[in-house]
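Two complexes come next, and they have one chain in common, chain A, joined by chain B in the first and chain C in the second.
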Partner chain A sequence: MSGATVTAGAVQVVGGIALAPLLPGLVQHWKARLQGRRGPTPLQPYRELRRLWGKSAVTIEGTTAVYRLAPALAAASIGVAILIVPVAARAPDWGVGHDALALAGVLALARFAVAVAAWDVANGFALMGASRDLSISVFVEATLVLALAVAALVTGTTALPEVIAGTAGAGVWSQPALALGAIAFALVVVAETGRQPVDNPDTHLELTMIHEGPLLEYAGRDLAYLQWAAAARHWLVLVIAAQVFLPHPHGVWWQLALLPVTLAALCGALALAETLVAKMRILLVPRLLAVGAFAALLGIAAWLAASP
Partner chain B sequence: MTSAALVAGLSAIGVGGVAAAGRATFRAGLILQAAGAAGLALAGFWAVAAGADAGSPFTSALDPRFGIDGLSGLFLGTLGLIAAPALVFSLRYLEPTGRGRAVGALTGAFVLAMAGVLCARDPFTFLAGWELMTLLPAAVILVARAGDRVARNTVFVYLAITHLGGAGTWIAVLLLAGAGAIGDPSALATGSGLQVAVALTALVGMGTKAGLLPLHVWLPRAHPIAPAPISALMSGVMIKVSIYALVRVLVEWTGVLPVWLGGLVLAIGAVSAVGGVVYALFQHDLKRLLALHSIENVGIIVLGIGACLILRARGAEAWAAFALGAALLHTVNHAIFKALLFLGAGAFERAVGSLELDRLGGLLRRMPWTGGAFLVGAMAIAGLPPLNGFASEWLTLQALLHVPAYGGAGDAIAGALALAALAATAALAVFCFVKVVGLVLLGPPRRQAAAEAVEAPASMRAALVVLAAVCVALGLVPGLLFGALAELAPWQASVPARAGLQLPGTGTLPAPGIAVALVALTAGLWLLRGRRSAAPVPSWACGQLVGPRLAWTSAGFTKPLRLILEAILRPQREIVVRYEASVVQEVTYSGRVPHLIDENLYRPVVRLALAAAGRARRLQSGRLGAYVAYLVGLVVVLLAAARVGALG
Partner chain C sequence: MTAVSGAEGYRERIGTALAGSWRFAGLHATAGGTAVRVLLAAPDGSTRLESVAAERATAPSIVDLVPAAAWDEREAHDLQGVAFAGHDPLRPLVDHDPDLGRWTVPVRGHDPYEVAVGPIHAGVIESGHFRFHVVGDRILHLDIRLFYKHRGLERAAEGATLEQGMAYVGRACAACTVANGVAYAHACEEALGLRPTAELRRARTILLELERIWSHLNDIAAVCAGVGLAAGNTRFAALTERARRLNAALTGHRFLFRTVAVAGSALALGPDELRAAREELTALREEAASGWRELAFNASFQDRLPEIGVVAAAAARRLGTTGPAARAAGVREDVRAASPRLAYDGFVAVVPERATGDVQARFEQRALELWQSFTLLDALLEHPLGPAVAERSDAERELGVGRVESPRGATSCVVERRGDRIERLRLRTGSYASWPAVAHAAADDLLPDFPLINKSFELCYACTDR
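Presenting the complex of A and B:
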């Protein structure tokens, strides 16, 4: 294994686990600045995780092992997803493969675990959030698979390290297919990270929550796992956005060096979008995602027109 | 070795079936049948692994012949693998009353009829087995539900639709036999009228029996009213036998089909997959919901077959074999988890007395074994890692992704749309089974009967646990079976057998690695979490106590999607408010999602047919004079025709 592969592996695991909470922290921080507030520091998510780690979990009357295991299972699936998604064109073999479509399955498992736990506590607010999350996920998943299909067709593989290598270079968007795929993936990023206009991460009104709803009945380390998983989702989709759909350099070292810059820029873009756009009516979200799916379909058609 | 085990297994099922009809030998007969089914499973999977054919080859002649090859072996093995637990389940599910004994005996006959279709090597035996396979479940339902008018009506619908559509099977098989093309793909030229006619009639005939949209209407009606073991066999195996026939005709006997036919198969698969799961989502009856999921899964299988046909027409034979392997793997997988879910539903019905989703709840605590196995089955059918449904859905996605890579713009859009449809289907299935698991297994019991449910007897539990274990095992090492399945393609294709799935041009799916990583990480995080926990508290609902009146329902949970899809599904809702002296006394709400195909395709046809029958009845006045007049008229017309020369 070369030095580049080892370093890429280290960035993948350490970044995915330890740096992930920084991403939502940065978004919140910059959003506050853009809105003229001082806002929390970018390290606020770490403080919350530390606080939660010291608190005891709660048990809800009448729940089963499903409720108690769900946070660990959700965090574990996101952990596997972190192992699947490489940060550069080379990655060590963690034994879970690097397949783009396998990622969709692992993310679905995390969603299943949290939604099923909402039924276990039988709390109306938790179920409301779970039901909305699952309704939107239908459209998110179709758009996600189509966007990944564009990248896979352009590069001829669904192995993510090779996809990253195949789309490298400053002229990524000279291929209209990838530019259209990027539009689709941008909407997936917004939906998967639970940001406006799909969801409002700042809301504390149960009736408007989507992703926060099913977390209502958790506390302590359980809640810490779930909040970390939400932060790690930011890491997963933003890394793919940076290394597949945005211009990125050829060499592995260059890719690793530029990744923090691109991630920060993407967090800035999310903060800007949250400042400019209001939350959408939930029933209109599928239309927004349909725009993405349609863009990806156009991308596939464009790829065909361009390929010999 | 294969034929000996096969013959022994089949005779054991036959003898067991006869024995099950006797009062004293009822349970012994069922056990003998189960043992025979296990032998069938061994013989079938051995034929797949060894690749050795036995018995006679296919013939277009009409004298009865029997034989077995890899493809037959796969489906026979699946039949045995489902029938054995289903029969063990029947031991306590069926009572040795007259009705129970008749069902026990007919189960054996049903299994034998399906084995007959799979082993038939000539058109006559095939069609005879096909008809028996259709009629026997109808007989079982009539016996098990004697005196139930609704059931009788449903059986009539089932027989009418499967026979109307089933005519397609007869036409396809007889056309093939006439052309001498059974077992000989070189007999039909690519793109010839005969080839297209055979393919289209087979698609109608076998598609009806497989439950493909829009000929599926019998399936969600007939499957739920059968006894649970028969439902498991119908959904798990019978519709798979139609898939077997479709693969034989479309992939093997008709040679290379034109691309547009592959596209048509792909479109039918996509519509069935999405349509099946969307309507399943809005069901309130567990068995009906499961039956609609069979339509979804048959759609996924047919997506794989469609990808196989397109890729083969484009000359990408290796990927065509992969697509076929994906379809066949999903066939086996669906058979296993659907049988598990139907048997689980049977156990719940026995314990609670109802399968109305809003009347169950909390059963995981009352029935941990049955509930646990059911949870595994629900996760498998939802396509979640590390279970078997995930592996075959991943393979199907990969096969669809390669459809655009080998053809023109039409292929690309078809492949991309199918890809999006499959991704949405997978997400919808997760949604649906979150609802099922939540309403059936979790939360507070919604009725007294659910609160007092007791765990199923040992034999029923054993059947469920074995099927759940197979789901886990096939999810761990899907590659071992997939390699053999891709090699069942009539053209040369070789896939090395590995535990995980490795296809060129993909990131590979090391299923064992993913499973180990998931379990290890979950266990590690669970240990890290520690046991420190505050005293149990009730669920929080803005300060009010969560009582039965606050319980969420099946309709409530799926409401966002119902609103999103309102323009397509056109759900109906009705609110009746009763006033007394302008004070609201009572508010009743009822809502339902009508089935669009039932309402817009079948209703008008049935209405037209009834109207035409009404007209025709006026001719039958029963008066002698009228009949004499008809005869005289006929003679006059015939004479006139002869005079003009129209009658030669």
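Presenting the complex of A and C:
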């Protein structure tokens, strides 16, 4: 195993687990600045996690193991997803492969775990959030798979390291298919991270919640798992956006060097969008994601038309 | 001048008055529940009270004539023990019954379920319990239960002197302290046979419009928060605070507390203060106009507003909705248009071009009224203002009525006195009148849109609960 692979593997695991909370922290920090507030430091999510980790979890009368196991299962699924998603064109074999479609599967498993837990506690807000999340996820997952399919078709593989290598270079958008895939994936990023215009992570309005709803019944370590999982989702989709759909250099070292810059820029873009764009009507969210899916389909059509 | 009439033909007289141009403006039971009085108001600003004795603690209901009287009758039952013949079921309002079936409307079927929100909320929101009957995310019906913070202010004020009564009325609510105070002062002055001088009229009108400006700026910020538009929210929240600081500079209190008194005003504004205030108001107006333009061109924001939370003109009239919520539906009624006790000469109520009674119309109504208030204040603050008193004009009476347009609609105050003491005080605020419209507006809309619909009304809980 070369030094580049070892380093890439280290960044993948350490970054996915330990640096992920920094991403939503940065978004919140910059969002506050854009609104003219001082706001919390970007390290705030770590403080939250430390505080929650020191508290005991809550057992709710009448709930079953489904409720107790859901945070761990969600966090474990996201943990597997971190192993699947490489941060550069080379990655160690962690035993779970690097298949793009498997990623869609484990993300869905995490969502499923939280949704069934909502049914187990039968809290109105949890159920409301879970059912909205599930209805929207139909469109998110379709768009995610289609966007990844564009990248897979262009590079001829679904193995993410090869996809990253295949899309490297400054001319990534000279392929119309990839430019359209980038549009689709941008919407996936917004939906998967639960940010505006799809969801509002800052809201205290129970009736409008999507991702926050099922978390209402959790406390302590359970909530820490779930909040970490939400932060790690930022890591997963932003890393793919940076290394597949945005221009990235050839060469593993260059890719690793540029990654923090691209991630920070993407966090800035999320903060800017969340400041200027209102949350949209919930029934229009599928339409927005359908635009993404359509863009990805157009990308596939463009590739089919261009290929001999 | 308020005319008071007796018991015979109570329902008929009210029916005839309402068929004419009179509007229902409040109903209350007297102290001890021996009689029920209905306050009616005419577009020319005159008011009259129709009374009926509550024999064996029962009075005839008028809820079939005026659905808007439903809350008043329920309140009179809970607080003064008066039953209303013909009001069936007479659900509890202030007196909370743990039995859901006693206060919620039954919704039957296979699919509907209930979502209960509050009275404790995740944000800084006053206490109110909202019980939604929904299918999926669609609201079939909403039952609202308020009065969690009922302080019994009206009862506590009984026996106090008319002057002391202001302390109770002024603290009914922080957001409407001037409107409530002026309505009470008018009621007391009518009972005492006093009439405000031009200087006193101007002092109170300045205070009322200062209150409207910070309140409407705050409402615009709240609608932005309701859709998660952080930029608009912080911008208008900052302007709200600037307006409150102007209040503090002029009166010594950001919320204008203790600025209204019975039969006089201590507010004195010299030329330097006036110049600074007018400059600040001009700056505020320009900033607000620029913020408003940004909101007007924000498509994601504007997409959220139309066609939800609709209260059409007919429903607004039936439910007794007042203030911006009614005017947004095209009901061109504003107490300011006929307020001889205030300095609103030549005032004409505005309604939006697209007066559809939805969230967008209510939102635009706020801006229209804001520009109007800036213009009014600019003229009112032209000349220095000195302390003023009310002067004797009519004979003294046992009863007095005051009506004022608060930021949230018409506020009525009835004062019944014995000598110098309050025998019964009733404060019916614009918020109280408009709450039933919130439940009406929510029906048929989506659950996640409710916070936005609610914020487009932005009614007070405190002065409703009292």
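The definition used in the following text is that the second predicted complex is superposed on the first by the 308 of 308 C-alpha atoms of A that agree within 3 Å, B and C clash if a C-alpha of one lies under 4 Å from a C-alpha of the other, contacts with A are read in each partner's own complex, and residues count from 1 in each chain.
Just so it is clear, a contact is a pair of C-beta atoms (placed from the backbone, for glycine too) under 8 Å apart; a residue touches a chain by one contact, two chains touch by 3 or more.
Just so we're clear, the structure is a prediction, and the values are computed from it rather than from any experiment.
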Is A:98 contacted by the first partner chain B, the second partner chain C, both or neither?
-> first
Is A:36 in contact with chain B, with chain C, with both, or with neither (first, second, both, neither)?
-> second
Touching partner for A:132 - first (chain B), second (chain C), both, neither | both
Considering only touches as defined above, state whether A:241 meets chain B (first), chain C (second), both or neither.
-> neither
Between chain B and chain C, pick out the one touching the greater number of residues of chain A.
-> B
Could you look at A:59 and tell me whether it touches chain B, chain C, both or neither (first, second, both, neither)?
-> first
Where does A:203 make contact in the superposed view: on chain B (first), on chain C (second), on both, or on neither?
-> second
Given the touch rule stated above, what does A:124 touch, chain B (first), chain C (second), both, or neither?
-> both
Is A:279 contacted by the first partner chain B, the second partner chain C, both or neither?
-> second
Just which bits of chain A does chain B share with chain C as contact spots?
-> 124-125, 132, 206, 282-283
Chain A touches which residues of chain B in the complex?
-> 362, 364-365, 375, 379, 382-385, 390, 393-394, 397-398, 401, 404-405, 408-409, 412-413, 416-417, 419-424, 426-428, 430-431, 433-434, 437-439, 441-444, 500, 505-510, 513-514, 516-518, 521-522, 524-526, 528-530, 532-542, 546, 550-552, 556-561, 563-564
Touching chain B in the complex: which residues of chain A?
-> 56-62, 64, 66, 69, 71-73, 75-77, 79-80, 83-84, 94-102, 104-106, 108-109, 111-112, 115-116, 118-125, 127, 130-132, 134-135, 137-142, 144-146, 149, 152-153, 156-160, 206, 216-217, 219-222, 225, 282-283, 286, 293, 296-297, 300-301, 303-305
Complex interface listing, chain A residues touching chain C = 31, 34-37, 124-125, 128, 132, 196-197, 200, 202-208, 274-284
Spell out the residues on chain C that touch chain A in their complex, using ranges where they run on.
-> 115-117, 121-123, 137, 224, 226-231, 233-234, 238, 298, 300-301, 303-304, 446-451
